[in-house]
Every structure is written in C-alpha cells, then in structure tokens.
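In what follows, structures are represented as structure tokens.
Both complexes below contain chain A, partnered by chain B and then by chain C.
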Partner chain A sequence: MMQLSDVLSYTLVHATLRSTAPILLATIAAVISKQANIINMGIEGIMLFGAYTGYVVGYFTRSWVAGVLASVAVGTLLGMLVGCAHLKFKAHILVVGFAVNMLALAMTRFMLQQIFGVSGALVLPDPVSLPTIHIAALESSPVLSSLFSDYCFMEPIAILLVIALWLVLYKTSVGLHLRSVGLNEPSAMTAGIDIGRNKFMAITLSGLFAGLAGAYLSMGYSTMFVENMTNGRGYMALAAMNFGSGNPLFAMGGALIFGFMDSIGARLQSFGFPSQFVLMIPYVTTVVVLTIAMVSARRKEKAMILKQYRDGEKTVQTS
Partner chain B sequence: MTLLPYIKLDHIVKQFGSVKAVDDCSIEVRKGEIFSLIGENGAGKSTMMKLLYGIHRPDQGLIQLDGQTLEDLTPQKAIACGIGMVHQEFMLVKEFTVLENIILGFEPKGPMGRIDFAAAREKVQRYIDDYSLDVQPDKLVQNISVGEAQRVEIIKTLYRGANVLILDEPTAVLTPGETKQFFDILRSMRDDGKTIIFISHKLHEVLEISDRIGVMRRGKYMATLDRPEATAEKLVNLMVGRNVEMSDRPSPCHPGPVVLEVQDLEVLGQRWLSTIKKVSFHLCAGEILGVAGVDGNGQSELVDAICGLRPILAGSVKLTGREMAGKKAGQLRKAGLAHIPEDRNTRGLNKEFTINENLVAIHLEEVSRGELLDRKKIAQKGKELIEKYDIRPADGELKAGTLSGGNAQKIVVAREIESGGKLLIAAQPTRGVDIGAIESIRGYLNRAKEQGVAVLLISADLDEIIALSDRIIVLHEGRISGELPGGDVDMERLGLLMTGGKSDEG
Partner chain C sequence: MKGKIKLRPGFAAAMLFPFVFGAVLMLLLGYDPVEAYRELFKGAFVGNFNLGTTLEKFCPIFLTALAYCVTSKVKYFNMGVEGCFYLGALFSAGAGFLIQGLPWYIHIPICFLCGTLVGAVWAAIPGALRAYLNVNELCAALLMNYVAIHFANFMIAGPWSAKGASSQTAPIEKSAELLRIMKPSRANVGLFMALFLYAAIFWMFRRTKLGYRLNATGTNSYFTDYVGVDAKRMVLLATILSGAIGGFAGSIQTMGVYGTIIDGFSNNTAFDGMLASLIANNSFAQLPIYSFLIAALKSGALGMERFTGVPKALIDTLIPILILLLNMEGLFDFKHLRKRRKKKIAEIGKEGA
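On to the complex of A and B.
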C-alpha cells in the first residue's frame, strides 16, 4: 500500500531538480524571446530536434561534448530559421512555431525509421551520457548525498544560467536594449537601437537554449531517444515564462512547480495510482499555473490603481 | 547669433505613395535661434523634421549641417551629428525608470558590459541642475505626469549631446502654466547656444517664443518671417491661403429637458490622473456641454463609461431618466446614444469597408430585407449622406481608408448625427482634420444642437470648446474642477481650472 511519506520524502528534492532542468533550460529560451516580445512557440519542436541530434551524434562520435554541440548547433539554426520566417517574411510566429513542432515530430520519427529501423524508442547499446558530479565526501550520509551529490552537471548549470540571464537582462546594456525593443519598439528605434538585429538575436539564442534543453533530455535526464519525448515541456516552459511575466528568476519558480509535479507524478504512478490521472498532472498544472499567473497579474494591476485612488483621496483630504 | 545658415534643407521632395508630403521645400535655420515651423495638420512640418532626423529619407534634395552635407541620414547618424528630436508621441518605455529611459542606447559602461548607473545618474543630474528641470530619475515613467515626461524627453536629447533640438508639437499636452515654464526652459537653452526648431500650429505660442518663423502649407514652404514682421493675420494667411472666419461664440441656446444626468460617477482609469472620482453633471436637450481639460485627465475614461465601454465602479448615469450604468454599448445605443469616438481609425471606422458600409453600419435594419442586406438601399442611403455632409470623393464604393482625415471624420459624424440619438457624445471631433473640415464639422454639431440633441463635447482644443459650448466643465485629475458659462470665457480662470485651480509646479 502506498504511503504518503514514501512520496514526500527528502529524495523528492533531487528528483524535482532533475525534472525541472529540461523545463528550466527551455524556460530560458522562452524568456529570451519574450523579452523581444516574441512568443517562440517552436521551442517544443526545437527541443525535440536537439534531443535527437545530441543522442545520435553523441553515440557515433562517442563524445557527449560533440553531442551537445550538435544539439546546440541544430537549435541555433532552427532559431535562425524561425527568426527569418517571422522577421523577414512576416509569417505569424504561432504558425511558424507550430510548423516547427509538427516538423520535429514527423522528422524525428522518419529518421528513426530510416536510419535505425525502429519506431517508438531508440535505445542504443552503450550510449554516451552527460557526466554527473559525484561527491565522495558525502557518501556516508544518504540524506546529504541525495540532496547534493550525483547531479548531472547540466542541472546546476541551468540554475546558474538563469541567474546570469537575469544579470544580463537587468544590469547590462545588451539587456536594456533587448527589453526596450520588446516593450516599446518606436522608443528603442529612436534611441538608435537596431530592432531587427535584437529580435533576430533573441530568437536565435532562444533556439540555442531550446537545443541545449533537448540535449539534456536525451543525454542527461535519460539516455535514450523516444518519439515526442519532449512531451509538452516546451509549452510548459512558455507557461513558466508567463508565470514569471518574462522575469527569469520568477519564471524559474514556475519551472520548479512543473518539475515538482512531474516527479510527484512519477512516484504516484509507481505506487499504482491510475496512470491516466498521473499523465494528466503536468497539463492540469499548466492550466492552474497560467490561471494563477493571469489572475494575480490582473489583481496586482487593479490593486495598484485602487491604492493610488486611496492615496490620492488621502492627499486631497489632508491638503 | 550668426546669420549664416547652420541647418540647410535644400529643395527637398518627399512622397508617400501618391501623396507629396513635402514638395520642393527649402528651409534654413541659424545657429542659436528658436525657429518655429508652423502650418496646419498635414502641411508637412513633421515630415520635414523627420527627414532632418533621419527617420525618413528625402526623395530629392540635400540636407546640410554647418556646411556639411549629411547623406543617408539615420536617427543614429543624426544623433551623432548632435541633432535631437522630441516626438509628438513620447518615445519612452513606461516600464523603465526615468534614468533608464534617458540613457537608453547610450549607456555608460562599466566592467563586463554592466551599466554604470552611478556615472549616468551624475551626468543626468547635471542637466537637471543646469536648466532647473523638475525630474525624478528613479521613478517609473508610467508614474510621472505628462509635463515631467516631456522634460525627460528633453534631457534625453541633451544627454545624447544634441546641439539642435527639434520639438514636434511639444505644447499640445501641456497646461498653460506648464507651457510658460516650458518656454523658459527653451529660452535658457537657446541662450546656452542650442538651436531649437519648434513645430506648432498654435499662433500665439509661435509669436511668443520664436526668433524666426517658417510657414508651410500642403507640402509647400510658404515663407520665412522674422519675429518683428510677423503678425497673427499674416501667419494665418500664409498657413491657410485665405482668411478663415470661424465663429468663436456658441449659437443661441434654448435648453430643453435634462437628457443626461451623471451622479457621483467613479471609473477606474489606467492611472490615478485619469481615474474618474465622483463626477456629477447634467446635460439638457438642445445644449452643448464642453468638457475642457488637458489630455489624459479622465476625458477618455468618462466617455467610455457613459458609452458602456468601460466598467463603472460606482455612481449613476441616467439617459432620459433611465438608469444606464452597467448597460452594454448596444443597449445604450438603442436608448438613444450616439458617439463620435476620439479615435476614428480604430473605433470610428472600419477602414477596409466602403464609405457606404460605414455610413449605414449602426442601423443595418434600415437597409436590410429580413436578414439580408439590401445593396440598393445601402447605396441610396450612402448617396444621400455623402451629399448632405459633403464627403469627398463622393463615391460611396471607395474604401473608407483611402479618404483624408477630414473626410473620413465626416463619415463618422454623418453616421452618428443621422442615427437619431438624443444624446451625442463628440470626443475630439476635429482632431487631425484640415481647417475646412473643422468648419463644417462644427457646423454639423451646432445643427444637431438646434434640432434638440444634447451634445457632450470633449476636446483638447480650447478654441473649439469656447466656440461651441453653452456651458463648460473642466476635468482635472479625474474631477470636475469647475464650471464656466459659455460665450465670453474668462481664459485665465479656465487655464487655472485646467491646472486644478493652483499652479502645481513651481
């Protein structure tokens, strides 16, 4: 019989961070493009391409570095493609995004069948995987070792990347320029900022990080490639970005919620909880998170005006 | 002041599509002077200055600065040459702080590409002190007043090293008191050796501030006048090409029963300034009630609330005695509301539809047979209104988007007046239209009043308020700061009420 304490134990921290990492990397991609006022719906597909490329290239070259670089390169190229279609040829970004997503699903399945003759999952013998950091000093304590040891190196890096992104966005010229482009194009233009270049840069970087997220998914989170293995994580990243209204630190909060629900779901399933309900969890969470984000944004806006109203009344009464 | 031209725009031609916005114009501006460029809306003033600032490229002609020809000008290059422009619409990112807006694009950099905010602050503070500009660098732009936003724009251009300042209709959003203060800033900048180009269509302001005045009309450059030789009559003549006799007094008024009664109305606005706070007034049949005030003091919110386009927080709106607060726009229309919206391009017209379709749009039942539209009836009704309201070109099958501002506005005015409403809300009815159309639109409003319609006129143009209103209420920060009788208006009192009855900035 399933025990609540088995689900909610200290090991959940490790599991949550593990499940959060792919969403978090994708969230970085979502935040960067959002700052240029572009909703990059294609993150999901770019991630899937990244996952496939990294896994396969890593296997053939026997090098995880090569695998990651290949994922990143494919992600960057796809980002540029999306940018070109949207910025140069003025295609609607949602349409371009869905095109990439559908292409990714079909293309990876096709290559799976043509190159490896399999469908569904590709499990290669002796695949390469991203290195994990084992801290030998903690071996004696199972709790500390679970909390701090044996992370894939990409997991702490994802968190550092979020902080770095926050610094770039809010403390540097590059960030100020990018945000001004996203918030008010005419102002940015009259300040001599190149709108097109900034937007293209943002969407290219968005592709780069989505590719990286894919590489982690097939070489770190797991060591195989499965059709549609992103399974909506790109969309969750967009939801997390929305939850943080484009601020990377708050968006990380959103990504953590998804990671947490994901790892809880995995445990519930192994305890015999009906799988249909478990599979629903991430999507229900997405809806809930988005609703909370929108309701709180609207509340905040109203509260601000009401506060101004009351403050104004006060100053009128006292004067 | 040297008499040699510092800025020279030589035989400039600029065409947008089939319209010649600027047709062979030459302007010379001297160093260290305040040069005004005056003309009606659409005369080409703004276009000319956007060419100088590099936003548009001229099709023909030369632009010279201090004897050097500037080629392939872009805003970046113009800024590098020391040309700065304050646009009609403020170019500020409202989510950024004042300081971030000022340094945007020209940030002092510290190590690792970080912005050196301390250095920026110091430099900005110098300009604030030099010209005693009242600006708070750490406030978010969305929380500052319009006047302060304008000062931020000026600091922005100074910060970028501008020696030449182009100001596009800078006083349109200011109260009379703020304008005076603003002119003092301009004068002290001129005395500092800056060259200032001031675009306006307000005669008295131009006469007050300029050293020399250039006049444009319909894309042509008419003349340059030295301040001493310029008079209001001369300027109007050059601007319009004829003497315009516009009545500056409302026609006689015989008010009937109360049509609109607003009691303790409260409406949330985008910001505190424009939030409507316990506003009460009434309006009778056959009367024009003018709502004066500086833009953004709640005019749009008031109109939207009365028209059912914005939720009402508290209070009542009665239309011919029936409570209408909380009713939808459609129900209000049925109850006798007609509305000329302030933005004809998004709310007043469907630019992709024809003139005829726009004219019949709110009473489709009159031109349909059952559920089907009757093309013949539409054409007939359209023809009738086009003639009555002198809409040009008189072809009802043209898309509304192809018409000039004045004629497009006449479509809206015709449709709303002919809708048979008892209450007509006219929000900025002549904004951005030519002087001929202004004359006729004002005539239509007067005619509606004489036929017993209650007209609520909201306008940022004081001349218009004075020329039409039987009574005037003044909105300031979302409150009615006072009411004045129409006719001989005490301008000083009106100006004072617009600023809230006290000079709020010292």
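On to the complex of A and C.
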C-alpha cells in the first residue's frame, strides 16, 4: 500500500519539470504569436509533425541533432505556411490552425501506415534519444541527484528560453516592435514598423518552437511516436499563455501547474484511482486555473476603475 | 446572411487541387488514381448500402456543423461540440438500457431528452465562463472535450460496461432504437429529425425575434447591450442551444447507428462538422452541401480502401487541405491575375511607345 508521502515527495520536482517541458516549449510558441495578436491554434498540429519528423529522421540518421534540426525545420516551414495563408491570403487564423491540426493527425497516420506499416504506435528498435545531463558528483545523495541530475538537456533549456524570450520581448527594440504590433496595429504602422513582417516573423518563430516541442516529446519525454501523442498539449500551452496573458514568465507558471498536475496524476494511478479520472486532472485544472486567473484579473480591473473614479471625484472636489 | 450561394473566383480550382494532389500521391505510391477515385465515388453513392453509409455519416457531421454554426453567430468559437456529442451519446445509451419496459413512443423521447439535456448543460459551462467571466472559450471548451471523453470512457469501461471482450456498454432496449431506412446500411430516421431541426433553426435565425437578437449580439454586442438585450445571456443561450444540438447528434448516433456506445466511437466527428461549417463560412444555407461533401468523402474512402488498398488516411489528409485552400482568398483567382498581367503588359507597351 502506498502512502500519500510517496505521491508528494521530492522526486515530484523532477517529474514535474519533465512533464512541464513539452508544454513549456509549446507555451513559448503560443506567447510569441500572441504578442503579435495572433492565436496560433496550429501549435498542436505542428508539434505532432515535429514529433514524427524528429523521431523518424533521428532514427534513420542515428543522430539526435539531425532529428531535432529536422523537427525545427518542419515546424518553421509549417509556421511559414500558416503565416502565408493567414497574412497573404487572408484565411481565418483559427481555420488555418485547425486545418493544420487535422492535417497533422491524418498525415502522420498515413505516413505510419505507408512507411512503417503500423498503426497506432511506432516503436523502433534502438531509437535515438536526446542526451541527459548526468552529474556524477551528486551520485552519493539520492535527494540531490533526483533534484539536479539526469535531466534531459532540453528541460533546463526550455526554462532558459522562457527567460530569454522575456528579455527579448520587454528589454529590446525587436520585442517592443513585436508587442506594439500586437497591441495597436495602426499606431505601430504610424511609428514605421513593418506589421506584415513582424507578424510573419512571430508566426514562423512560433512554428519553430512548436516543432522543437514536438522533437522533445518524441525523443526526450518518451522514445516512441504514438498517433495523436501531443494529446492536447498544444491547447494546454495556449491556455497557459492565456493564464499569463501573454507574459512568458507568468505563462511558465501556468505550464508548471499543468506539468505538476500531470505528474501527480501519474502517481495517483497506482493508488487505485480509475485511470480515466487521473487523465482528466490536467484538463480540469487548466479550466479551473483559467477561470481563477480571469476572476482575479476582473477584480483588479474593477479596483482600478473604482480607484480612477475616486481619484476623479477628489480632483473635482479640490477644483 | 443573404442565403444566396455565391461562388468565389477560383472556387473550382480550390476544390480540384486536393484531388489532383491526392492523385499524384497515389501515383507515387504505386496506386491507380482513376481506379481509386472510381471506387471512392462508388463507395459514396452507388447502392443502398454505400449511399446509406454516406447518409449515416452525414447526419452527425451535419448536426455538429449546425451546432458550431449557431454559436459562431454570436462570435463564440465553440470547439466543445465533441464533448457534448460524446456525453449525449453516453447518456442516451444509459437511458436506453437502464430504463426498461416502456413503449417506444415514450422511451425514445426520454433518451433524446437525456442526451440533449446533458449536452446543453456541458456546453453551458464554458459558455457561462466566457459570457460572465470572460474566460477564453477556445481553450476552456476544447479542453473540456477531453474531460468528457475520459468520463465517457470511464463509464463505458466501468459502471455501464457490458462486461464483454470489447469495451462497450450493454445494448439499448429495442424500444429505444430508431427505425432504420435503407437497409442494410445503418442510416436511420434520425436523418429526418436532423433536417427538421436544421429547418427550425434556420427559420429561427431568419424570422424570429430571438434569432435576430442572437445575430445582433454577434455583429455588435455593445449595440445589443445598449438597446436592452443582455448580450451575455445571448451568448449563454447560443452555447446551450449548440450543446443541445451536439447532444442530440450523439443520441442519434447511439440510438440509430450503434445501438450501444463503443470506446472512441466518435473519432473527431464534431471536428469534421466544425470544418464543414467553417468551409461554409458559417452560413446556414451552405451547411448541408459541405457536410454532405465531407460525409461522402469519408464514406467513399472506406470503399476505396477496401477495393484498391489506398488508405483512408489519404482522404483524411485531403480534407484539411481542401479547407485550407477554400479559406484562402484569391489564391486561385486566375482572372484577377490575368487582369494584372494584362495591365502590366499594357504598361510596358506604353513605355515602349
């Protein structure tokens, strides 16, 4: 019989970071496009394409670098496709995003059947996987080695990328341009910022990171490819982005919550909870967290309006 | 919405391109595209069974497209129809085999009521969250699908399981089954109910006060608020209606097609419906055409796979491409391009002169 302390122990930190990483990478993709005021639904599909490409290319070239590069290339191309369809040909962004998702589902299934003759899951013998960072100095202590050692290198990189993205968005002129395009297009245009180029760049980068997230999913998080293996993670990333209202650092908080619930769920399963309820946990959490975030945002807004109103009254009285 | 179908320039090219693309793919893979498309056509339309299967697939796609279309009128992107569809199917199946010994004219309405109500309630949750708390409906509704699907799988595998080899519930009572038309296919009278519902909703949006209010909310919610129509309530109402239609579609699927509910029976039906609505540009008048097109492709693909070995997934690949192309304005606008070229030539000519 397992104890509750087995569920909530120090090993949870590692598990949480592991299951956060794919959502976090996708969250970066969501945040970048959101800053240009584009909701890129296609992240889910691009991730799936990235996962497939990375896994297969990695297997055939025997090199994880090639796999990751291929995923990123495919992601970037798809991002450009989405950008082209949306910006040049004025297709509705949700339609494009959703079409990409459907395309990814059908096409990966098609390629699994045609190339490997399997349906469902593709488990290749001896697949390549992303290297992990093993710190030998910590081997003596199980607690420390669980906390700091044996991470896939993508997991710390994802966190660093979020911080870097925050710096770029809020501390550089490139980020300022991008944000101003998203906040107020006419003003940005007046200031001489190329709107089309900024938006296209945002969507392309968003595709790039979604591809990277896919590569991590099939080569780091697990070492196989399963049909629809993203399983709504792209949508969760969009929810995390919403939770942080576009700010990468707050969005990371959202992604961490989902990752945490995901890893807790995996442990509760061994407690005898029905697996379906365990699988529900991250989705329910997402909706609840989104609601709480919106309620608190509203409260803040109301307080601000009230404050403005009172300040206004004061000035009227004094004058 | 005028209800008049106006084809964009380049419409035919956008419709044709995916099939040409598919043919090229088939040639590359060593299949005969002419044979494959002939089987696709046969599989969709020729014979009672094939046409019946198309109609059977048409019914849920059409209804879920309708469900999506209703909410799109109030500018609410309802990706949660799939969840309503699942729960509607689940609860009408529950009512179908748990309640026994009723005559069909009482039992069938009860089952429909169960499915429809559950669907409405389920859709109302993200609807209310969006209307009153401004929670993004894209995420909320979409993620609730997963909750609904996992819950349905739990009920199918657990409490309501038929305890057989495959994961499904006990078959519903004879008194809850819908009459089948066009045997041996599984098309059923649910089709007529769907068409009737469609007509009713079309009429509601065109001719009644409520429909006008819903339309106005979508066009300008500030205006509706100003003239005294509660825009928030209108959004909530539209989602409830949409969920009810989704649940109704699920009920038809259980009572007419499967007679039970099987693990993963839907396979993204509601998303096909959503895509149909999106290609139709959310116009009620065009919904049936595109829903039928997608249903025919899906059902024809089965025949194609059976007789020529071309995998069904190929057709599933072509459908999103079709949607993408149809949604891109002016991609195949050759007339426009030609005009531009002529203009250029004329300009160059002038310069030369």
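Note that the second predicted complex is superposed on the first by the 308 of 319 C-alpha atoms of A that agree within 3 Å, B and C clash if a C-alpha of one lies under 4 Å from a C-alpha of the other, contacts with A are read in each partner's own complex, and residues count from 1 in each chain.
The criterion applied here is as follows: contacts are C-beta pairs under 8 Å (C-beta built on N, C-alpha and C of every residue); 3 or more make two chains touch, one makes a residue touch a chain.
Because the structure is predicted, anything quoted here is derived from the model rather than measured.
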| item | value |
| --- | --- |
| Partner chain(s) touched by A:Met41 [first = chain B, second = chain C, both, neither] | second |
| Which superposed partner A:Ser173 touches (first chain B, second chain C, both, neither) | first |
| Superposed model, chain A: greater residue contact from chain B or chain C | C |
| Contacts of A:Leu238 with chain B and chain C, given as first, second, both or neither | second |
| Which of chain B and chain C A:Ala164 touches, first, second, both or neither | neither |
| Contacts of A:Met102 with chain B and chain C, given as first, second, both or neither | second |
| Chain B versus chain C as contact partner of A:Ile115, first or second or both or neither | neither |
| Which of chain B and chain C A:Ala85 touches, first, second, both or neither | second |
| Partner chain in contact with A:Val284 - chain B first, chain C second, else both or neither | second |
| Complex contact set, residues of chain A against chain B | 168, 171-174, 176-177, 179-180, 183-184, 186-193, 302, 305-306, 308-309, 311-313 |
| Chain A contact footprint on chain B (complex, rising order) | 55, 74-76, 79, 85, 87, 89, 91-96, 100-101, 104-107, 109, 112-115, 268-272, 275, 277, 477 |
| Touching residues (chain side chain C, partner chain A) in the complex | 29, 77, 126, 129, 133-136, 138-140, 142-144, 146-147, 150-151, 153-154, 157-158, 268, 271, 274-275, 278, 311, 313-314, 316-317, 319-321, 323-324, 327-331 |
| Touch list for chain A against partner chain C, complex | 39, 41, 85, 89-92, 94-96, 98-100, 102-103, 105-107, 109-110, 113-114, 231-232, 235-236, 238-239, 242, 274, 276-277, 279-280, 283-284, 286-287, 290-291, 294-295, 298 |
